[in-house]
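Below are two complexes that have chain A in common, paired first with chain B and then with chain C.
For the complex of A and B:
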């Protein structure tokens, strides 16, 4: 008898509950501009992000232009959940988990296409574009077993909705509406996705790459970090335009940070600053000609944002650059890796040669071999990787620029801060992150930001 | 040859479309391929499925709505995985504006193939 002494044998060691999850408030001291490195490294935090951020928030899943016809679909990710976004026969859009409810195999292996049905390779379960189970190989045996097909369709995504051609989905049935979720960011989104009456479209394909970084380093960069450009991208800018990045820190009076619900946009009002880095004068001309028309439709301020030095992240993991026209999602792949999906967006009514110039321009600058993407990727990889150090990980990081830059007396929607060299948006991003991580349901997520826009705009 | 049975009026089925018609308890899929009418059994020979809910592809094949296997409509022959067994065809008789079927005879194309 191995347990003859009568003591209970210790058969399993249980890992203590991770302190970081229990003490989320200790991770961020945003008023002091401090934050923990654990948020970029801790596996339990990552798991909780999957549940409370990615299985809860509205996430970008497709552009309307990718799926114009019934049966058109894209395969994409919501967190690490693979989903199919499918145009229906009535023109509506539905989403489903890309997994067979029988034995779990993927039912669609293509990135996008047109389908009459999705048939699982394993046992021939066949699903309509509405997700319903239509039949199986050897269907008689299921009929003999009394199986009810209506109970075994593809698992639906809870809600799908779109704004200005951008399709979003949420896996949480209790999520607020997309209009509520985007809130006052819609005002600024119009400056890019409604600058021209025809709206925008994605052109070319999706360019994918893997970066060994935490997803939040990418998101926080685009939410508000123009600061890095003057340093990180100096050589890239000199190669592309023959000079350094504009010294935007010297003219804070003409630029802003704005944020709402954790989404953020840092922008200048120089109309073409981002676009200039593509090195195509015809594109600048296109924007300068368009700007007065945008001013008529959307007002002076937004007309000056159409290609300006700026960047935006829609919480949690979708970003874009006006002027450079790259649109991207940073799909999390564990705490130390992302799968980056990027597209080029253009105004639908733009001339074909203008569209082609933008497509080439995004490839030159923001693709895996693009001059700026390479700069960013290495920074984010080592910002992540250094946190492997046990002692290193105990040290705080600084995030304190732009305290006392809040602009209270303004008609601009959202939370407005003066000067785009700022970390106000990053702090708002992490505040939203913390609010969601602490809340066990949408009902308990604090509503910090008061919308100025009406719901149904 | 049995008495031909009325399936539908020509105007009731536009070109490129398929429709299910029940005749004496027998479910048929009736097709209009560019103005010529055809009829086959409606049930797929592979698994439980109604071919009339499928789509006409490659001009003269029916794609099953369940596994996307195809049959050649004029002859009933299986054309692609997972279909292995031909579907039954029926002789269609066009009489003015009427489309009729003879349930005892195969289609002309199928009969020729045999």
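For the complex of A and C:
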């Protein structure tokens, strides 16, 4: 972990935490499998999420492969805060708010690129890739005013760290380590991001779109809702493979929900089920050849997850699909809108034609023009929008599937539930949400989940 | 936009120009009326139907705004287009029921001789407006560069490049062709 701040004084004075909305406990009755619709609609709840979730949690910001060389950068978001993630000369990675400390203008308008410096268009303040203020137009006027350049760098994020090529950042100096934050979910992350010795990379750039829905509808869908696929995605499955979605509810003994710290993964052990929906036989062959090697490195169970029917959300707003190889962040834009950023990930050592098939496969299935995603957006938009009704939003919603499915006697890390048709992960996601929303600082966030993995493994 | 045509721009005769315009106007009507199979029949066997996504990069960045190996909303051959049409035709294509209302407006049509005999390079601009249920309205504006190939009395579409103005697609999906 590195503190991007270095020795620079921080000119950003964080205001004390705002008083919490009262009676947050009443929003969720998870034991009864009920929850309030206010969490998807209320503007005050959204504002509190910005402070207590997005300005506090570790958020995915980039993949290492996107910024291999010194000066390489991507512009992304942490909540609604625009940040630049920049590779340094020593190979480390720093993150800064993309805003000039002089009059507040954005200093970088490109989505990505390589920079020697970031220069503000307004008054020509120029910042090095380390965030330090190097100079400005008519610099003698500032000298005459006695301004100290060293006090006016770009504001750094609190911490940057990475796991298996995935770079995360947090805006909270008091956040736990990334290893603690991800906890036992790292065990499962390895099944996808460490299935091959070379690790993974992002290819083909970023596809961005806007959906008029609350961010949690998207996150909770990927955290555990395979149930929707058999119904929502029937048309997409028929388009890609000529038949309906696999009926995974009939074989719960082969599948699981696992969660830790609000992150969740629902998965089958069918090796290639997700991948099959891309309709490319060569990809299935690639995974079947790889599977025994993964079994040697990571064991039998994880080798069967590499492209299986499954989905994962890393709390709060980053998700991916093994096998379909789409990786995505649902950036919040008010309670009723998200900006969706999606990438394609592949094993770095995969043959080029295999990588190209996955790049095209994510486009055909999970992109705004994709035959699966096409039907998701509308569901989430109207799940959100119907809550405009004053009386409508006083009706509770149901999330009670799989109440008695906890597997107690298991060596598997995390909280384990039998059967991927389940809402255990969704309930854990909202429990974590509530814990963070109620806590005044990281110190008072309850540690509900007991890690089986060692710190820093 | 960094679209470049390396071929010299040799205009065609007025009758060819008129026939190409009719082809594009009819194509737009087929899409407006969800006549998906009739639309697919306009494609050549080797169609490359490409709609890259736009990246905001500095002008000095030689990687350009878009590229064939980067993000795309369409990067399709005939098999891919056929799969998309298959979804549109399913009774379980929930986001198409009730039907989306489409208007494909095509304008600014320029026709030049292509690189092969019987091929034509066709530039056009488009406005696409989609409306769904009560008030979901999505607007896309852009420019296309096509290669049309003479086929009997008509044409087939052999290449299409679609460049839209948006870098963040301001819509939940793209449930049409452009």
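As a working rule, the second predicted complex is superposed on the first by the 437 of 457 C-alpha atoms of A that agree within 3 Å, B and C clash if a C-alpha of one lies under 4 Å from a C-alpha of the other, contacts with A are read in each partner's own complex, and residues count from 1 in each chain.
By definition in this document, contacts are C-beta pairs under 8 Å (C-beta built on N, C-alpha and C of every residue); 3 or more make two chains touch, one makes a residue touch a chain.
Because the structure is a prediction, the values reported are computed rather than measured.
Enquirer: Return first, second, both or neither, reflecting whether A:381 touches chain B, chain C, both chains, or no partner chain.
Expert: Touch partner of A:381: chain C, not chain B.
Enquirer: Would you check which partner chain A:448 touches, where first means chain B only, second means chain C only, and both and neither mean what they say?
Expert: Neither partner.
Enquirer: Answer with first, second, both or neither: which of chain B and chain C does A:240 touch in the superposed model?
Expert: Second partner only, chain C.
Enquirer: Which partner reaches more residues of chain A, chain B or chain C?
Expert: C
Enquirer: According to the stated criteria, A:364 is in contact with first (chain B), second (chain C), both, or neither; which is it?
Expert: second
Enquirer: Between chain B (first) and chain C (second), which does A:116 come into contact with in this model arrangement: first, second, both, or neither?
Expert: A:116 sits against chain B, while chain C stays out of touch.
Enquirer: Using the touch definition from the top, say if A:349 reaches chain B (first), chain C (second), both or neither.
Expert: neither
Enquirer: Figure out whether A:206 sits in contact with chain B (first) or chain C (second), or with both, or with neither.
Expert: After superposing on A, A:206 lies in contact with chain C but is clear of chain B.
Enquirer: State whether A:228 touches chain B only (first), chain C only (second), both chains, or neither.
Expert: Neither partner.
Enquirer: Could you pull out which residues of chain A sit against chain B in one structure and against chain C in the other?
Expert: Touching chain B and chain C on chain A: no residues.
Enquirer: Which residues of chain A touch chain B once you look at their complex with the stated criterion?
Expert: 116-117, 119, 124, 126, 128, 134-140, 143
Enquirer: How about chain C: which of its residues touch chain A in the complex?
Expert: Per the stated touch rule, the residues are 51, 53, 55-58, 61, 63, 69-75, 80, 83-84, 86-87, 90, 92-95, 136, 167-175.
Enquirer: Under the touch definition given earlier, write down the residues of chain B that touch chain A in their complex.
Expert: 46-49, 54-55, 63, 65-68, 82
Enquirer: Give the list of chain A residues in touch with chain C in this complex.
Expert: Within the complex, chain A contacts chain C at residues 109-114, 203-213, 231-232, 234-236, 238-240, 279, 339, 356, 359-360, 363-364, 367-369, 371, 373-375, 377-379, 381.
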